[in-house]
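What follows is a pair of complexes built around chain A, which joins chain B in one and chain C in the other.
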Partner chain A sequence: MTTDVEYVGRLHGLDPERIHWEPRQYGGDGEKSLIALTPNLQSADLSIIASKVRLNARNSVKTWPVDRVLTAIDQTVARLLDRSHPVRKKMEHLLPIVTGYDEEMVRIGLTGYLKTFRKPQLQRFITEDFPNPGILDKFQPLVKGGFGRAFGPDLLAHVWAGNVPGLPLWTLIAGLLVKAASVGKVATAEPFFAGWFHDVLAETDPELAKTIALVWWQGGNTELEAGLFREADVALAYGGDTAIAALAAQAPASTRFLAHGHKISFGLIGREALDPSRASSTARKAAYDVVRYDQQGCYSPHVFFVEKGGAISPETFGTYIAQSLASYEEKFPRRPLSLAEASSLVEWRMAEETRLGGKVVEPCNGNWTVSIQLQDRALRPSGLNRTIRIVAVDDLEETPILSKPYKTLIQTAAISATPERLFNLASMLGEVGVTRVTALGDMTSPEAGWHHDGRFNLLDLVRITEIEARAETAAEDLASYAD
Partner chain B sequence: MDEAEVVSKLLTFIENKNAVEADFDQMALSIFAYQFEHNLPFKKFCLARGKTPKTVRHWADIPAVPISAFKTLDLTCSSPTSAEATFMTSGTTQGGKRGKSYHPTLAVYNASMRQNFLERFMGNREKLKIGILFPPPVAMPNSSLAHYLELAKQYFGSEGSSHFVRSNGIDYERLFHSLEDAEENGVSYGLLGASFSFVHVLDEMERQGRRFQLPPGSRLLDTGGFKGQSRELELDTFYDALQNAFGVSRANCINMYGMTELSTQFYDNGNAVCPSVKSGPHWIKTRVVDPLTGSSLPKGTTGVLAHTDLAHFNIVTTILTEDAGVEVDEGFMLHGRVSGAEAQGCSMAVDEFLISAAAN
Partner chain C sequence: MNFSGKSVLVTGAGRGIGSAIAQAFAREGANVGVNYLTNAETAAATVAACETNGGVALAICSDVTNKDGATNLVSETIEAFGKIDVLVNNAFRPYEFDPERRKLHWDLDWQDYQSQFEGAVQAAHNMVQAAVPNMLTRANGSIINIATDLIARPVVPYHDYATAKAALVGFTRTLAAELGPLGIRVNTVAPGLVYPTKASERVRENIKEDIISATPLRRIAKPEDIAGPVLFLASPWSAFITGQTIYVDGGLVME
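Let's look at the complex of A and B:
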């Protein structure tokens, strides 16, 4: 048995000797396990940490050109992509223990994910929100006249949730790009990734790393949550509706509170993708989206609406997906489920099986489930953990989901159809709340610079200071060279 | 086999205290064949899993029906309209849908209750003065617990036994008078009811500054636990409080574990030590399983409980519960409910979707 010990939290401004560290075990008994040492923090500690990183940012990143930040992130990510780097090795070794995900899936997932944060991608990320990135450094001429400059928050608070490895990177990097100091509360389900990123950033640009602090407490500690939000100009939170509502209640009116709630995603598969030469590869891509992180992502599919009238029927297509899931199971086994997860999956499967026109396909070990529904066309969630609903529809354009506004509940839709239908369906989907349309097989890897939940990742964080054209003119009058 | 034959064989089997594992197995397989033939939704369920009377060779191979199926399927071998009783779950989950168990006759249920209760609660004595902290069957005709407690009173209650819960709540005055009377006259008392009703009684006794010292031979029976109630107590706190309030030692405070989806109950041998070990009579068997595969887990491993209750002959004998537990010598220990899983990531779980969709 090998047991590693890792500290959770990066507490700039506090003396680690003074902190009481409590152990928390990850991984099963008898297998490989990991002890996390978590800090026991008080509200006053948060104020000290916040002041320290705020000061550090004021003395460093706030005075730098954004290009220096890009370079530092790029070099950090390059090290994390290098499989011989000690921190990368640690990630590959420990993340499967912490999250239960298959080692190979974590390794491939890390590389695929990290490479979306290299310099060219980061430039695209910035340009999405700031066509002239110089606006983050200096006043830049505005189209309407005058000049403008974007100022990031003095302190950005993050509350991360869930076990999808790497999730904190999105908002951590967004914070760095707008030159904010950050205090991030890591998730109990995966509390390590953000710290490891911090450590490698400290190798490439120590001053920049000192603008990021990481903290932890058991979720629901309203005193600490309120303490964190009081210090922040902008707060970003992930979680389910209940958790988000509870967090929002702790944020003062002066703190801009931005939330990413839990979401449902799905796919639309047209009859043109269901001819004999294409159907198996369509099914393989669809299954891949299901397998990636066992559907725990907001972009993970719960349902594929499959059109009737193709050479391959929706029912047969369901069996193709079943075959693909079976072969992925060989390659990337599903993570072990808790009793509660397994038990709720049994309940979900029973409900699917007893629906009129419903049929369930699965292996004896129950490691994946395909529910084929020929009559029930409603949008219903999957049971998660490699369970997918295949819903037969006469025409994609008639899919019931298109007629009901789901507003904040839905996120990504994968479309497999002709170009004309892609645009037509996308506008219908946009109207009911979909914020991202992508290809099958790409659902779980959003592009660099995507608008997460339809929002502006960077613009939402900053405030713009404008010099109006009239101020410029008035100043001209006072110039030494004025007549 | 027809229904009359199944009932008659079962009544004999329940009485046969010398029945061994092989007898149970044989009885279970013949009832499985009966249910496979007469209970169509169950037959469909079995066929989807490749299980038929030809392929099932041992009682442990009978596929366990998840209790959620009792809410959506009419699981019965006989016509629901001719049932002598229909027991339903309380319907606090799944949008108020209630799980149903149809009983064409209560003869087997009653025989199962009577013999098991006599042995496990009465300690083979014939009568006790019985007080019941639960409404009578007339007030709750679909409650299996109301029926069970009524049977306890009818079969084993001496004169003066009574229900103390009416539509407007617990009748504390009459209850305390009845307990005082037993105390003064040295009559052994059996107080039975829902766990949360005991909590209300404890609260009221504390408010009134009352305590009882029930005579030797008295016993308490609670059932149902505290989930979803206004107050949840630690088991040790609860049984300490009972012992202190009624003068009945924790060893004589019995907890009954039963379900609407069964016709047989489990008991412990008192709660001197918690959690206690539960066990049932020879016509019910429990396996601790992996809920996804239904296969038995090694002794000592926590899993989900699956019960095979031969007395539940009209519905299905074998159910998959949502209760976690572990097999130990002499029975199993309960580890609470396993439902209500949340998504680990930022995707949405079924329950959360239902709530959010309703709000949208």
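Let's look at the complex of A and C:
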């Protein structure tokens, strides 16, 4: 038995000796496990931490060109991509223990994810929101006349969820790019990743790392949540609907509260993809989307709508997916489920099986389930953890109507269809709330610079200060060289 | 290997190799469908032997070269045992293995070939079409086709029989490619001369001696010898094997 010990949180401005650290165990008894030391924080501590990182940012990143930030992130990510780097080794070793995900899946997932944060991708990320990135550094001429400059928040608060390893990186990097100081509250389910990123950033650019503080408390502590949001200009929160609503209630009106709540995603498979030469590879890609992080992501599929009339029927396509799930189970076994997860899965399975025109394909160990529905066409959620619904439809063009009732909940749609249909379907799906259309197999790895939930990742964080053209003209009158 | 809870259907299981295979599955706890065509008495004896071995067996009379016959056989098996996990295509058109009285190539009619193709490939085709839908409900199944080592080493050139069995090997491979992505494995077991069976009772001692002396393991196969590899191919021990031909002839053929 090997046990590692890791500190949770990076508490700039506080004396670690003064903090009471409580141990929490991750991983099973007798197997590899990990002890997390979590800080016992008070509301006053949050004020100290917030003031400290705010000050640090004012003295460093706020005065730097954004290119220096890009370079620092790029170098940090390069180290994390290097499998011989001690922190990368730690991630590969400990994240599977913490999350229960298969080691190979974590390793491949980390590389695939981190490489979307190299400099060229970061430049694309910025340009998506700021066609002229110089606006983050200095006043830049605006198309309408006058000048504008984007100012990031003095303090950006983050409340992360622990469903997918590495999730904090998105908003941490967004905060750095707009030169905000950050205080992030890490999730109990996965409280380490953000700290490890912080530590490697401290190697490449120590001053920049001092603008990021990380804190932890047991979710639902309204006093600390309110304390954090009071300090922040902008707050970003991830979580389920109830958690988001509870958090929103703690944010004062002066804090801009941006939430990423629960989402469900789905796939559309056209009859043109259902011929004997394509169906099995199409199914394999679809199964990959199901397997990655056991459907814990907002971009994970719950339903594949499969069109009738192809050479391969929706039913047979479901069997192809079943076999692909079986072979992925060999490669990336599903993480162990909690009792609650397992019992909700059994309930879901029974409901699926008893639906008219429904049948369920699964192995005797129940490690994955394909529910094939020939009559029930609703966009119902899957049972999560490698359970997927195959819904037969006469035409893919019906699916936007079927997903309409879930407008506020849907996010990604993967489409496998001809180019003409791709654009037509995308526009219909966009109308009913889909914010991301991608290819099968890519559902769980959004492109760099994607507009998460259809929003602007960076633009939403900043305020623009404009010098109107008239101010410029008026100043001209006062110039020393004025006639 | 424990096959309890598994449902196995063996065609041509009334006697010989088929019967030995059915009994071996029963010994490992499987429910076994014992298909036969003409001899109810030997089929009943196989069922009795299966049950003595501790399994549950059911004799089902059906002509598997006929599509309806195959469909009925599969439905009766599913009705009795709930599903089909393993299908063994062992039945073949009656053939007399008599080296001295075999037809020379110039004596053969196309009908002789036709008849053997029907007994080997058409029967297997009918059975697979009938049984696969049930296997697909679990995305899992194993199909084993019984051929002969004569396809690789025609010790006696039984043209029509061996050609049809060679076609069955091709059938196995293409089917393995088609059904692999759906979770079903398909393999061939190719026995050497098996004695005693009804088909081989007329083979003379000197031929048997010739075969024995060329066989590294220095004997002729018994029906029970064939059952082991069949059970292996039906089991999770062979979970990553499909489209293969396993020769069970004491090493006479090596590939």
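We adopt the following convention: the second predicted complex is superposed on the first by the 478 of 483 C-alpha atoms of A that agree within 3 Å, B and C clash if a C-alpha of one lies under 4 Å from a C-alpha of the other, contacts with A are read in each partner's own complex, and residues count from 1 in each chain.
By our rule, a residue touches a chain if its C-beta (ideal position, glycine included) is under 8 Å from a C-beta of that chain, and two chains touch if they have at least 3 such contacts.
Every value quoted in this text rests on a predicted model; they were computed, and no experiment measured them.
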{"item": "Room on chain A for both chain B and chain C (clash or fit)", "value": "fit"}
{"item": "Touching partner for A:Q296 - first (chain B), second (chain C), both, neither", "value": "first"}
{"item": "Partner chain(s) touched by A:A340 [first = chain B, second = chain C, both, neither]", "value": "first"}
{"item": "First, second, both or neither for A:Y406, with chain B first and chain C second", "value": "first"}
{"item": "Which of chain B and chain C A:H260 touches, first, second, both or neither", "value": "first"}
{"item": "First, second, both or neither for A:G240, with chain B first and chain C second", "value": "first"}
{"item": "Chain B versus chain C as contact partner of A:P381, first or second or both or neither", "value": "first"}
{"item": "First (chain B), second (chain C), both or neither touched by A:A189", "value": "first"}
{"item": "Superposition-derived comparison: chain B or chain C, residues of chain A touched", "value": "B"}
{"item": "Minimum C-alpha separation between chain B and chain C after superposing on chain A, in Å", "value": "5"}
{"item": "Common ground on chain A, meaning residues reached by chain C in one complex and by chain B in the other", "value": "none"}
{"item": "In the complex with chain B, residue positions of chain A that touch it", "value": "99, 161-164, 167, 189, 238-241, 260, 262-265, 293, 295-298, 300, 302, 337-348, 350-351, 353-354, 360, 364-367, 380-381, 383-384, 405-409"}
{"item": "Footprint of chain A on chain C - complex, ascending", "value": "136-140, 180-183"}
{"item": "For the chain A and chain C complex, residues of the former touching the latter", "value": "280, 283-284, 315-316, 319-320, 322-324, 326, 359, 361-363, 370"}
{"item": "Touch list for chain B against partner chain A, complex", "value": "41, 45, 48, 66, 68-69, 72-73, 290-293, 302-304, 320, 322, 324, 338-353, 355-357, 359-360"}
